[in-house]
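Here subunit A shows up in two complexes: once beside subunit B, once beside subunit C.
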Partner chain A sequence: MKKQAVGQSMDRVDGRLKVTGAARYFADHQPEGMLYAALVCSTISSGRITAIDAAKALRAPGVADVVSHLNAPPVPGYQVENPNPKQGLKIFHDDRIYSNGQPVAIVVANTLERAVYAASLVKVSYAKEAHETDLAASMNKAFQVAKIKDYLRGEADAWKKAPVNMEAEYNIPIEVHNPMELAGMIAHWEAPDKLTVYAKTQGVKSVQQTLKTLFQLPEDHITVHSQFVGGAFGMALRIWPMEIATILAAKKAGKPVKLVINRKEMFTLVGYRPAATQRIGIGATADGKLTGITHSAVANTSPYEDFTEAIVNMSRMMYACPNVNTRYQLVPLNLSTPVWMRGPGEATGAFALESAIDELAHKLNMDPLQLRILNHADTDPDKNLPYSSKYLKEAYDMGAAKIGWQQRRQTPRQLEEDGWLAGYGMSSGVFSASRGKATASATLRSDGSLIIRSAAADIGPGTATAMVQIAADATGIDVKKIKFLLGESEYPEAPRQGGSSTVSTVGSAVNDVCRTLQQKLGELATANIPAFKALKPADIQHEAGALVSGTSRLDYAALLQQQQLPELVVAATSQAGDERKQYAMYSFSVHFAKVHVHPATGVVRIKHIVSVADSGTVVNTKTARSQMIGGVVGGIGMALTEEALIDQRFGRYVNNNYADYHVPVNADTPPTDVLFINKKDPVINPMGAKGMGEIALIGFAAAISNAVFNATGKRVRDLPITPDKLI
Partner chain B sequence: MNQFSYVRPASQQAAIDALTRDSSARFIAGGTNLLDLMKNGVLAPEKLVDINRLPLKNIVLNNNILHIGALALNSEVAAHPLVKTHHPLLSQALLAGASQQLRNMATTGGNMMQRTRCSYFYDITMPCNKRTPGSGCSAIGGMNRMHAIFGDSEQCIAVHPSDMCVALVALDATVLVAGPKGNRRIPFGDFHRLPGTTPDKDNNLGKGELITGIDIPASPFTRNVYYLKVRDRASYAFALVSVAAALDISNNTIRGVRLAMGGVAHKPWRLHEAEKALTGKAPTTENFRIAATVATQSAHPYTHNAFKVPMAQNSIVTALQKAAAV
Partner chain C sequence: MSQAPKENPTTPGKKDKHEARRDFLKQSSALMALALTPPLVVKAGENDEAIAGLFEKMPVSMHINGKAYQLSVEPRVTLLDLLREQLALTGTKKGCDHGQCGACTVHVDGQRINSCLTLAVMQEGKKITTIEGLSQGDDLHPVQEAFIKHDGFQCGYCTPGQIMSAVACIREGHAGSPEEIREFMSGNICRCGAYDNIVAAIMDVKQGGHNV
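On to the complex of A and B.
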């Protein structure tokens, strides 16, 4: 029996390309005659543009054009007659300014340096209006989005009647994705009705659809290339106004135009995790059975779009609690629109819920791990369905053993090590294990090699590697002879890479297209090969890239050669069925942390982290481990260091660079043990694999704040936990 | 981009001449700060005078005085055996600064010349008296968590970002300067300025003057020293507060002490009063606390940086405890 590829710690199939610089990211492309662009962005936060003086810029060397609302080609898809103000920012459409940093012009020149210089020469005059960028100051403007109703199970606010209860407010600031690779686009109108773009995106098909609508072109007149993405964390889940600006500039210039935005613009042009204020009230019986949870959240959005995410949802389903009510509201601020950032709203909500559980455990004088186990949900209390698989209790046990949870003291501020206060904390996380719809094609060549194509994305987790492993097991073909190609809009349909769904969705399509290929090979063999003629295709065995029946064995390659077929191409579409109505499907994570807090300086040092994933079958233990560690690093940032600061007087970011916006560095990142339950989910998809990208981060920040409380007796409810908050 | 010329003179005199002739010319060595300033539009020099070829990299001990050339790299100085043996405080401070990559480029002279990291100085759309005299200070009344609590003025509350300079002011170093009018020596504590009414001037260098190196006199502070840096992340972050502490202890008595702080003022902030309070006393936590109180008496915090006062006090005590190994 051949060793299974799924489950192996296989090297990335594109690792060599990446480390040798051969991988071509969007900005590495160079269509002939390409021009370079730089943006001019608003320096006011609300108001109107009264004048744009581009004369000096247009006289600067090498400048081809300055495009703004005064001279931009129209975007035919903008619904200018529709009075709904929440349609998104229509770039270069009118003189309206909604946020500081909003692009007001794009300068095109024959070198990047000349474009940047000329952009500095464009003088924009404004009529300033009052702006608001402070969530705390705008709570009176909170409103409910029609599609997200209040939730009630049992009795509202039941926590208030509980023998033991607590209520607290938790705040998270704006966080910015800040992947290393800057965003942007290369736009190339190959004909007046034919557009090719090189994009940084989590979904080429999604970009194609948006452009199809906006520019009203036939789908096959829009080509989107995005084979490599240098990190995204959610910021490339949608197309942004600056990308439309690039396309307009290219249209006007009649040449390809490249825009790569700068680090400052990464704070204002490509989304962020919104600031959120949450209140949780939670109550239990004296022996720790939860009786009520009330969770409300208010998060910011932009003036022109309502961005929503699932901040309060975990409180509905994580614990067996008879009475739960939640409310979710938005506040429009003069900022650009937020977007999902890894973990997304669930990570925001989990910080509040998993902190509140810890606070309640403290009030109960109970081990917070015991409180969680005591209130474990055996079936989904929200949907009232059994779980497709759930090994959360095992995950708790594994993590507790690894971190040495028995060394934790129930009373805070009891442990000291080398002059530092020591403490332990834990939390759990949950995220919907989804499965969407995807199509893959398989091309078997007469040399025995297999190429699978699907318009998926890889923003870093190692998608192609996992797909090769899945295809290897489905076909028996060696991993070295399989290629998985992604990131091209001409490939078969696949959804965006987001919401921890790629392996489940695209992996299922890969599995299914391999089955389709085997069926087709079987048909070929039964029709044409004497040894197989008596059989039905379904009766033929497939082993290691060969058709087998009794003692007859025929390699796939040999079959194609005998039939004089250079290649055989099949496609398959795969999606979930009714099982999703019968089961609740979730991935779970458990995070344990040991921290040191310096009693004099307030500095927090994480000493050890254990993160356990209950995410079904682990397709590749190496890339999965990397993905979990990446989530942990993001979680450290959320817990301790990351906060985008706005000077509310100006509505402008003041720490919009890598030096002042503190993404954790290696020195912040302690030894991290990643443990996997690695048990197949029997329902969700053929591989039994549930998602992992989000749960790596969900709940993590609470594990740190809970550990800080255990070390110091101080509860920090406003992230990030910087030293000044512990002085 | 802004057009500028670039020259790489072969001699010190030629470098000084080049700078003297051209009012907007700037010396460039490692460029770790100057290039940021140019990219942000804070500075637009018409000429860059690259001094990297000048023979100013020496680290030598002469008559017990340690000489460090202006072009010695931060990473070289931090790792140099003479520095580690005679002035370990300097080595510790250097290693607390920036990142390894930056230390590999940044020079001793350049470290002294770096500008504040006040956000408003770098955002040319906002008022800043340091960048544009008379335009106002955005940090007063703005985001001032990182800003000064000592020596500030109504015109500027920016802090000097260096760690190295905190150790050098504690060690009574001397700055060696060459200029159109010849050579001169500036005590380290007099090199950087407080903002006063001229926050655009960071230091007392004259026109065309070039830092050629620093001298550090022999001192007894080779063992009981500690550089404590409190920051928002474990590396590559500027100090919320930092403390350079050096003690000369014998028979349980503090014979000599040097204390300086970073992240709290427009210049590296020497704590003379606290030093006086400790001299002749026993190295006890109680005495350290008294010194910390003395040190922060003149503190003047703003909206977001009041925490720096207790943090400074606690850090002074902690750094002294570490230095004394009590």
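On to the complex of A and C.
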């Protein structure tokens, strides 16, 4: 029996391209005759543009054009009547300014330096209006989005009557995805009705659809290339106004135009995790059985779009609790629109819930791990369905053993190591294990190689590698002879890479297209090959890339050669069925942290992290581990350092660069142990793989704040946990 | 448009200093002449290139990945933008343009530097190595091999900078322990958070006694 490819610690199939600099990200392309663009962005936070003086810029050497609302070509999709007053930011459509840093013009020149310099010469005059960028100061503007209603199970606010209870407010600041790769686009109108773009996107098909709507072009007149994406973490789940600006500039220039925004603009143009204020009330019996949870959240959005996410949902389903009510509201601020950032709303909500559980445990004088186990949900209390698989208790045990949980003291501030206060903390995370719809094509060549195509994306988790492993097991063909191609809009339909669903969704399509291929090969063999003529295609066995019946064995390659077929192409579409109505499907994570806190300076040093994932089958243990440690590093930033600070007087970010917005560096990160349950989910998809990208981060920040509390006795409810909050 | 210098990148040797100075003097007189020309003529767009060539560019010679280059570049062009936009060496990445992230790390005369923080015209006579010049043909450098083996990346965008930095880190003698590596690799941000694996890769090369 051939060794399974799924479950191996296989090197990435695109590793060589990445270590040699040969992997080409959007900005690495250079179409013939390409021009460069730079943005002119608003310096006010609310108001109107009264004048744009581009004369000096237009006189500067090499400048081709300055495009703004005064001269931009019309966007057909912007003209459509839409009753919704919040229609997003229509770039260069009118004189309205909603936020600081909003693009007001794009300058096109024949070199990068000339474009950047000329952008500095554009003089914009404004009529300023009052702005509001402070969430805390705007709580009176909170409103409920129609599609997200209040939630009630059992009795509202039951926590208030509980023998042991507590209520607290938790705040997270704006966090910015800040992938290493700067965002932007190369746009090229190859004909007046034919557009090609090189994009940084988590979904080429999604970009194609948006452009189809906006420019009202036939789908096959829009080509989107995005084979390598330099990180995104959610910010490339949608198209941004600056990308439309680039397309408009290219339209006017009649040549390809490249825009790469700068790091400062990464804070204002491509989304962020919204600031959120949450209140949790939680109550239990004296022996620790939860009786009520009330969770409310208010998060910011922009003036022109309502961005919503699932901040309060974890409180509805994580624990067996009879009485739960939640409320979710938005506040519009003069900022650009937020977008899902890794873990998304669930990570925001998990910080509050998993901190509150720890606070309640302290009040109960109970081990917080025991409290969680005591209130473990055996069936989904929200959907009232059995779980497709759930090994959370095992994950608690594995993590506790690895971190040395028995070293933890129940009373805070009891442990000292080398002059530092030491503490242990833990938390849990949960995220819906989803499965969407995707199509893949498979091309089997007469040399025995297999190429599978699907318009999936890869922002780093190793999509192509996992797909090759899945295809290798489905066909028996060696991994070295299989290629998986993604990131092209001409490939068969696949959803965006988001919500931890790529392996589940696209992997299922890959599995199914391999089955379709085998069926087709079976038909070929039964119709044409004497040894197989007596059989039905379904009766033929498939082993290691060959058709087998009794003693007859025919390699796929040999079959194609005999039939004089240079290649055989099939396609298959795959999606979930009714099983999703019968089961609750979630991935779970458990995070354990050991921290040191300096008693005099308040500096927090993370000494050890253990993260455990219950994510079903682990397709590739090497890349899966990388995904988990990546979540840990992102979580360290969320817990300890990341905060986009606004000077409220101007509505402008003040730390909009890597030197002042602190993402964790190598020296900030501790040795990390990643453990996997690695048990196949019997329901979700053929591989039994649930998702992993989000749970790697969800809950993590609470493990740190809980450990800090255990070390110091100080409860920090406002992230990030900077030293000033501990002294 | 013709911003990219079209010099043959394999042209060996470089201009001597006197020749460069003569070019400069020629440019200076042309600049004077243009300064005396009526503004209407100067502003004409089609003259941009001719004017820029005389006014704005300077000759510079350097070796990149073993090849000699004789170039003419604007003094404001960074080494990073020269590599990426004019020489099509796009393996070196731009992450911040402010020396804060390390994605643009290259070697100049064997030292690791942020190529976004240095101007191309300052590289006269320097030997520059980028990620494209690290491997010997198809044979990967041991650090490249180790990054694949230990999965020292996810998206791969910071990887060229990490690898150039890692090679220098070992050569500098700063790869003695995981803690030392973490400290001396902290100028290279990896937002995907592959730090643990990057440290393992560097330790592996160091302990393997490879010649880096």
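Everything below uses one rule, namely that the second predicted complex is superposed on the first by the 722 of 727 C-alpha atoms of A that agree within 3 Å, B and C clash if a C-alpha of one lies under 4 Å from a C-alpha of the other, contacts with A are read in each partner's own complex, and residues count from 1 in each chain.
Keep this in mind: contacts are C-beta pairs under 8 Å (C-beta built on N, C-alpha and C of every residue); 3 or more make two chains touch, one makes a residue touch a chain.
For clarity, every value in this text was computed on a predicted model and none was experimentally measured.
Clash-free side-by-side placement of subunit B and subunit C is the outcome of superposition onto subunit A. Of the two partner chains placed around the shared chain by superposition, subunit B and subunit C are both touched by A:664.
By the document's definition of touching, both partners, subunit B and subunit C, reach A:113.
Legend: residue contacts after superposition of the two complexes on their common chain; A:527 is shown touching neither subunit B nor subunit C.
Of the two partner chains placed by the overlay, neither subunit B nor subunit C lies in contact with A:136. In the superposition on chain A, contact is made by A:727 with subunit B only, not with subunit C. In the superposed model, more residues of subunit A are touched by C than by the other of subunit B and subunit C. Touch criterion not met for A:80: it reaches neither subunit B nor subunit C. By the touch criterion stated above, A:652 is placed in contact with subunit B alone, subunit C being left untouched. Using the contact criterion defined above for the overlaid structures, shared-chain residue A:260 touches subunit C, although it does not reach subunit B. In the composite built from the two structures, the nearest CA pair linking subunit B and subunit C is 5 Å apart. Shared interface residues of subunit A (contacting subunit B in one complex, subunit C in the other): 113-114, 117, 659, 664-668. The residues of subunit A lying in touch with subunit B in their complex are 43, 113-114, 116-117, 120, 598, 600-603, 605, 640-641, 645, 647, 649-650, 652, 654-655, 659-660, 662, 664-668, 722-724, 727. Across the interface of their complex, subunit A is touched by residues 1-2, 41, 99, 117, 119-120, 123, 125-126, 138, 141-143, 145, 228, 230-238, 240, 307-308, 310-311, 314-315, 317-318 of subunit B. Across the complex, subunit A meets subunit C through its residues 11-12, 14-25, 27-28, 30, 33-36, 59, 61-62, 110-114, 117, 178-182, 228-233, 255, 260, 262-263, 459-462, 622-623, 625-627, 629-634, 657-659, 663-669, 671-672.
Touching subunit A in their complex are the following residues of subunit C: 1-3, 43, 48-49, 51-52, 56, 74, 76-77, 81, 84-85, 88-98, 100-101, 103, 130-132, 134-135, 140, 144, 147-149, 151, 153-160, 163, 178, 181-183, 185-199.
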